[in-house]
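Given below, in the form of structure tokens, are the structures.
The two complexes that follow have chain A in common; it is paired with chain B in the first and with chain C in the second.
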Partner chain A sequence: MIRIEVDGTPLEVAEGSNLLATCLAAGIYIPNLCYMAESPEPFAGCRLCFVEIQGQPAPVTACTVAVTDGMVVHTATAPVRRLQQSAFRLLVSAHQITADCPAHKRCALQQVARHLQMGLKPKPLERVPRELEIDTSPPCFDLHPARCVLCGKCLRACQERNGSSLLTFARRGIQTVISAQGLSADGQEFTCEGCLACAAVCPVSAITPKADSGHCAGEGQGHADPQAAGS
Partner chain B sequence: MPTAEKATVQDRFEALRTAAEAHQRACNPDHRPTIQIGLATCGIASGALETKAAFEEALAERGIAACIHTVGCVGHCYAEPVVVIDHPESGFPPIFYPQVTPGKAKMLTHLFLEEGDPRFEHLLGATIPNDLIPSVTDFARFNREARVVMAHCGRIDPGEIREYLAAGGYAALAQALQTPPEDIITTVATAGLRGRGGAGFPAARKWRLARSSPDPVRWVVCNADEGDPGAYMDRTLLESTPHQILEGIAICAYAVGSQRALVYVRAEYPLAVTTITSAIAQARAMGLLGADILGSGFNLEVEIFQGSGAFVCGEETALIRSVAGYRGMPHPRPPFPAEKGIDGHPTIINNVKTLAALPPIIGNGADWYRGMGTADSPGTAIFSVVGDVLHPGLVEIPMGTSLRTLIFDICGGIPNKKQFKAVQIGGPSGGCLPAEFLDTPIDFDSLQSAGAMMGSGGMVVMDEDTCMVDVARYFVDFTQKESCGKCTFCRIGTWHLLEILTRITRGEGREGDLETLETLAEDIKAGSLCGLGKTAPNPVLTTLRYFRDEYEAHIREKRCPACVCRPLTAFYIDLEKCARGCNVCEGCCPVEAVFITRQRKRAIDQEKCVKCGECLVACPPEYDAVRKVSPPGLAPVIARPPQDD
Partner chain C sequence: MENAAGEALTAEEGAILADVARRLAAFDRERANLIPILQTIQNTHGYLAPAVLQLVARHLRLPPSQVYGVATFYNQFRFHPPGRNPIRVCMGTACHVRGGDIILENFERKLEIPEGQTTPDREFSIERVACVGCCALAPVACVGETVHGHMAPSKVEGLILQVRIARERAEREKKDHADS
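And then the complex of A and B:
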């Protein structure tokens, strides 16, 4: 066991543990959307979990840091907040907010907004005008790309559970979406068994089980719990 | 190493070289004239294949015995198709002819090869100094270059390994194989070789990391995923000097203890793929690749991986992902590829130019290499200089050469008496430097501190008719379209940069836009996951820094100082200069916006005009009557006379 210090609180942790996981376990919240403790490697895509580590010139993402003895971490300095607020503003600028969203009040974005004391408007940036249709092609769930924050948790959850993933990233730039066109490890078409691990892990309800998905094995029927996501 | 073994490697190599030299001599035993034609992509695009066919036809028609020697790119793009004719009997030295069309080819066959007249009006110069005709070595384009990596470009046939061997090729590999690997790494470290992919990371430091790994399986990757707009160095090298690259790969693999190497090349470089594929086959057949190279016990298999053309795949971690068959998306470092790369094995990824610099470094020693360039950036730099320069092309110069020397002396300066405005270095990751930086020495650190970047060698020169806001918009558009979408800053942040820049170029800029641009650009730089995102805002930041007044003119005065942004410009015809009776502009206008005034001159109907600029191009230079102004309100309003009918 080694000692680190986060925002003045001394913590005793196993050497080499993930800094973000350590902080979350100790009850110190650091905004995050894409971190999954089960994943072997951090995804590091959402760019929210910035912290400052004493001795390092600029903020770093906590999900990519392994703790070392004597590490002194600050989670709420001005440079950290600036990057987090900037990333958050970008995310909401491309995120569709509707009153009927099933994630309303439980959405991970709302939790991050509260923590950063920000509204859900991207000012001074414009909203990204996107007309994205709901993809109803997967057998047991629907994809709502307008809500998706591309944290990639769904495809990693699918990968984790099935060895390969039905879900995959498609297109480039602002057009990037999660698409249900993944292939299995042997390059064959992927057969979805409807485990709904993807829906369970989605922090923003961008994957919703189909209403008539009675035949799907589904563990994600009850929607995502944003508190559970990442902690 | 025991002496007996040393002799074996050297003996085997000498045997190959002797055979290659004999083959070379046998090619042209009776000293026939030689016609050397550059057949890399650039040459072919300019019509070199037609020129070659014309020579073949003319030689056959006239019954002249001459050798046609196809080579790669000489680097003089402005002069393509380039032909060098060596006609020993004529008494002239080999002569360099630019822009040899099929017609010129037939003429030269007749007048020079048959009648011995070199046609002075068509030649650029002799390739070597002599007493008869001026030599190209008198031109800065030839004598200021220092060709190390490009030493064989445009001189040897890239499809014939024996030409490379006869020119001294693979000697460095033979020498390396008789040296302990650690010593090779030390030589490369002493030479101070820095990665030519852009960031300039010391090559030897990367290699040591892989060398010290306990994993016996290691990979070497030659990164030829060139993607910067306007950059074509790697393609040209693969097409012109593939064996020097393979030799470099072999030296690197031997030094880090790797037995597997990969050339990652874009599928949209078909000629480069063909050339390097056949080069690998030839080297294998000669025992210079494959099992037990030159009897040294060292094995190396080189494969080719064709990338599908994603800009981000030039980034090391994304490249590894793509090789594994997945969508090319970067992952956070550490672990660095040198520790954990392809299939989890240590992987050394070096740019084509870095690897191709190895044979000369090993062959001539670290001190020789250090003798070129600057203390912190030794050696040479290769740039593909494009844009508003008289002599665009591929140039290899010693590091530390000033931008002014490169642009004005070597590449001939700005054509059409225009003023230099900016130079964009390092592609979408680089920056735009204004005229006050022309005396900046070209090396990794000087360019970095000026806000630009060495990059992999793309250089775009821009004259006064360039709108810097539009240039920034162009590059951000590129990075936004090429973003893999993984991280928030690059995926969404660059979209917002693009949105603001597009608005400004349309004349819809607002107060506060510049501050938003600056803040967001800095956040993207600090917050992005990979190098592509971290450097994507550079074109915006540098243009904001050096050309802020242009941004302000767009926003506050709705004026584009360079008259480029269409919504902010207008065309009109200067009635003083317009000639009665001339109707060239009227004829070329695609929307019938040009009408006849009461004085039987021409004027433009601003309502109809789509600002295509055709009339400006078409107006005969002796009148030069079409004017372009910004803001559009400056154009005088001339009413259309009532129609007669």
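And then the complex of A and C:
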């Protein structure tokens, strides 16, 4: 065990453990969307979990840092907040917000907004809504690409559970979407068995189980509660 | 045979699938072969049909979505059959400055298809390209092999009409020949 200090609170943690996971476990919330403890490599794609570590010239993403003895971490300095707010604005500028969203009130984006004391408006950036249709072709779930924040958790969850991911990023740049193209239930080599791990892990309800998913062996009922991660 | 959507295949699609299946046999089942395979298919048939992607996925034992993900990442792959008169609108720096995006929008509106797609009669397809090499003529659009410089939104309809008239004339002449 080694000692680190986060925002003035001394913590005793196992050496080499992940900084973000350590803080979340200790009840210190750091905004994050894409971190998954099960992934072998951090994705570091959401750019929200910045922290400042004493001795380092610039803020770093907490999900890519292993704790070392005597580490002094600050999670709410001005440079950190500036980076987080920019990243958050960019995310919500392209995020579809509707009143009937099933993630309403428990959406990870709302939690991040509360923590950063920001609204769900990208001010001063413009809103650039992505006009993307709901993909109802997968056998057990629907894809809502306009809600997706491209954190990639679903495809890593699928990879983790099934050995290879049936979901993937398609297209590129601002047009990138999560795609389940060609996903079928007709007994081919790669068939969605409807474990719904992807829907369970989605922080923004961009993957919703089909209402009539009786034939899907759904484990992850509905939606992971982002509050469980701390706060 | 049926395609992914469960529709009966047209003779053309069937022929493409048969050819692709034959070509696939020459490639080892390694994921490193994915892009060379897609390039070969694109070169011979001009586009990648959804059923073709399924076939490639099965050959390489990859999830179909991953093949789709790779194919959509690269601009060089098309998912619609090219038109007989491919329209390429230049989006290079000079053409962009002179309003190339407006020209593209006009073609899209007049032909009622978005960029990257083909009209139902297979006559036209629209593509955006980065510089055709005659920036002094910006904005530039190419219809088939012909370069049209100093494009203006008002010229778009004329160009489309020109192609349609030329085609009608060719058909009429062919008919006259056959009659005489």
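One rule holds in what follows: the second predicted complex is superposed on the first by the 217 of 231 C-alpha atoms of A that agree within 3 Å, B and C clash if a C-alpha of one lies under 4 Å from a C-alpha of the other, contacts with A are read in each partner's own complex, and residues count from 1 in each chain.
Simple rule for what comes next: a residue touches a chain if its C-beta (ideal position, glycine included) is under 8 Å from a C-beta of that chain, and two chains touch if they have at least 3 such contacts.
Remember, it's a predicted structure, so these values are computed and weren't measured experimentally.
Novice: With both complexes superposed on chain A, which partner does A:125 reach: first (chain B), second (chain C), both or neither?
Specialist: In the superposition, A:125 contacts chain B only.
Novice: Should A:171 be classified as contacting the first partner (chain B), the second (chain C), both, or neither?
Specialist: both
Novice: More residues of chain A are touched by which partner: chain B or chain C?
Specialist: Ranking chain B and chain C by residues of chain A touched puts B first.
Novice: Applying the document's definition of touch, where does A:46 land relative to chain B and chain C: first, second, both, or neither?
Specialist: first
Novice: Looking at the overlay, what does A:180 touch: chain B (first), chain C (second), both, or neither?
Specialist: A:180 sits against chain C, while chain B stays out of touch.
Novice: Kindly classify A:189 by the partners it touches after superposition: chain B alone (first), chain C alone (second), both, or neither?
Specialist: After superposition on chain A, A:189 lies in contact with chain C alone.
Novice: Of all the chain A residues, which ones make contact with chain B and with chain C?
Specialist: Correct list for chain A: 168-169, 171-172.
Novice: Could you please specify the touching residues of chain B with respect to chain A in the complex?
Specialist: Residues in contact with chain A: 310, 327, 329, 331-332, 480-489, 491-496, 499, 512, 516, 519-520, 523, 526-529.
Novice: Using the touch rule from the top, collect the residues of chain A that touch chain C in their complex.
Specialist: Those in contact with chain C are residues 164-172, 179-184, 188-190.
Novice: Looking at the complex, which residues from chain C come into contact with chain A?
Specialist: The touching residues are 4, 50, 53-54, 57-58, 61-69, 72-73.
Novice: If we count contacts the way the header does, which residues on chain A are in touch with chain B in the complex?
Specialist: Chain A reaches chain B through residues 41-48, 50, 58-59, 61, 64, 82-83, 86-87, 90-91, 93-94, 124-126, 128, 150, 152, 168-169, 171-176.
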